């Protein structure tokens, strides 16, 4: 199948929800779709797969129109050659793994023998050859995920869609399967859309990230940009950053924050005034029990510790102040400074660590 | 699931359930037991050796199996249509197709005569155009039994179809399967337990069918005299023979049901 | 087999009986009067000297004071299905003539009723369509003696338009004619076999029905061209079937015996009912229904 770009521009109404979007997924590109629950991620996949029709606009694959309600064009799911890996895999419970994978080729008119050969090849590639005669309920979640991928790919689709492909797995197997998935997706020539709520999936697997919220595209860019300069509080939280909205009020990068307080920031992209968003890494903030002396950090403000949480080698403090902040410190520092819930502290952050952008 | 059931067994049956259950089982089994105990065992071989018994038994098995097959061929698609949500009138149609369940079978037989009899709405045309008359024929027996038995299958299958995860059918669509391929390769395999249960139910109902059969197809030895009809007529002349015939029917039916029951339990 | 009781004619029985009553009100009144005469005779030997409210004179055709010796209470009469219309009429006339009495009727195939009686089903009177069936009841000591009260004979019934143009018994032997009869095991089937033998014809019935009502249903619906049923059935079916009589030389008769049962709960009233069935007025009802005298 020759690789072609997929372009969607239009609206999808599903229940009381409307997705309004204009995106292009390029051939060979892996696009992660991020967003909170109800943002429209699954609706987007269903519209591309042909399980939910567009209400307006147009969906094209290369020169082929898949859905255009205005022109009364509709290609059903079976005519689209869009492979889907569903969140719950949806393997056919009464078929062997081989028959599951052979289903696509059989539906496409291959002989039983040809379809079985194709299926065996795919299962071997997924290192599942030994399990070919088992039923889906007789294998692990990670294996089922690979069977679902093999089944989607065996039909030789032009587009591949993955809906939360790793969500059903336990944390231990997730990393290995993710690496596996990365290798298989790299070989795929067409566009790939991967819905996820795990930022790591986006960082490791995707070339580009789309952030959806309430049916609209709110941010789009390479994973590294999204991770460093999130446009919404939800994405910032996803990547563990402090996130503020404010307005440039003075020269030299002084920002007045919406929730109160002032921060000296590093202004990007020749911004001199107007509204900006500010992100600040928790590890870029320093905690003091006495007001810090010396002039090095530009931003210093007091606060009270609300909660402490231990994450592996660091402790995340949730500090109530103006503005509030999440701060990462070492466990040793917690002991040394005698930090506890209710402790009065001073926070400091360098202006160069404090990114302001639009 | 199975483990949970075992645990409950160990914990014992609460008497509020155990006593009515025991009475219920006794109520169903005692008449059968009485039939066996009071059977004319000495004259049994004579009764069973009669050619009419062989003919009636053969006819019963052939007709009940044909009726069950007809019920599957027509009833499974009907159940599938009824299980699809979202079209108007489905509720009314569902109620109507199950009417034979509550209709006295003799009335069903009369209704069949009015529809498919020689002077029936459709039967008149069948007779005139094709020279086909169903009453008093073996085919007529199958028609009557199918009429009475099919609703059992339709109800069982409709429930089974409703229980299917629609996600599987969606997955099959994205893999390029046609609606027919989805039905045969995904939907139907998912309802196999329901299909077996429904078919056995329909078969058993057809095997015991009397009222609609004798009304629509009459009684003609070797052609339309099934076991229940033979039993009824024997009751008129020789009650001992009737009991003997009933025992044969009972033995065959119970034997087949037990054999199938074993199969079901293997099905997860 | 429990289905049998649900046949159409059961529903039609009541209105038809009323029509009969309405048609000859005089005969009913007369019948009631003469019945009471019979009752007086029987009442003498009855232990039940219940004194009903006879003295108030509520009944229109009340007989003189002697009626106060009549038995009261309820009796159950088990009667052959072919007696449904006439016995419904007779029972209500009997009740009118016997204030305080109630007759519960239960109709079914004679052999089925006999099996019920022998099986211990409660009943006071048994009216059978067959001497042979009555004999099994007598043999089983469920009754001590029986009396013939009516005779039925056979007739050819055809659909109203008589599609096969049947005019005589011989027509039934034509291979294209679809004929339905009762099964040999039931009395009407045995009678049909006798008729065919008497006429020296060979008839291959297309169906041997379980009872005479089933034969009638098939004729009414036009599923068969002809059937052999009782004269009384043709009469009861009105214009739904046509009747073609069978010459006496080829015909056969069936005698209907009646008996009060030994386990009767109300033997006095049972005896009165049997006597009443043999009375002239009850016999008139039976005659109107097509039965002959025994």
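Letters A, B and C mark the chains in the order given here, with residues in each chain numbered from 1 onward.
Note that a contact is a pair of C-beta atoms (placed from the backbone, for glycine too) under 8 Å apart; a residue touches a chain by one contact, two chains touch by 3 or more.
Computed from a predicted model, the values in this text were never measured in an experiment.
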Chain with minimal offset from the mean of all protein Cα atoms: B
Relative to subunit A, chain with the most remote C-alpha centre: C
Separation of subunit A from subunit B, taking each centre as the mean of its C-alpha atoms, in whole Å: 55
Chain centre separation (subunit B, subunit C; CA means) in Å: 38
Computed distance of Cα centres, subunit C from subunit A, in Å: 89
Multi-chain contact residues (two or more partners), subunit A: none
Residues of subunit B whose C-beta touches two or more other chains: none
For the subunit C and subunit B complex, residues of the former touching the latter: 1, 3-4, 6-8, 109, 111-112, 115, 178, 180, 183-186, 205-210, 214, 217-218, 221-223
Residues of subunit B that touch subunit A when the two form their complex: 165, 167-168, 170-178, 181, 185-186, 189-190, 192
Touching residues on subunit A, where the partner in the complex is subunit B: 49-51, 76-84, 86, 88, 90, 92-95, 103-104, 106-108, 151-152, 155
Subunit B to subunit C touching residues, read off their complex: 104-107, 110, 113-114, 117-119, 135-136, 210-211, 214-215, 217-221, 224, 228-229, 231-239
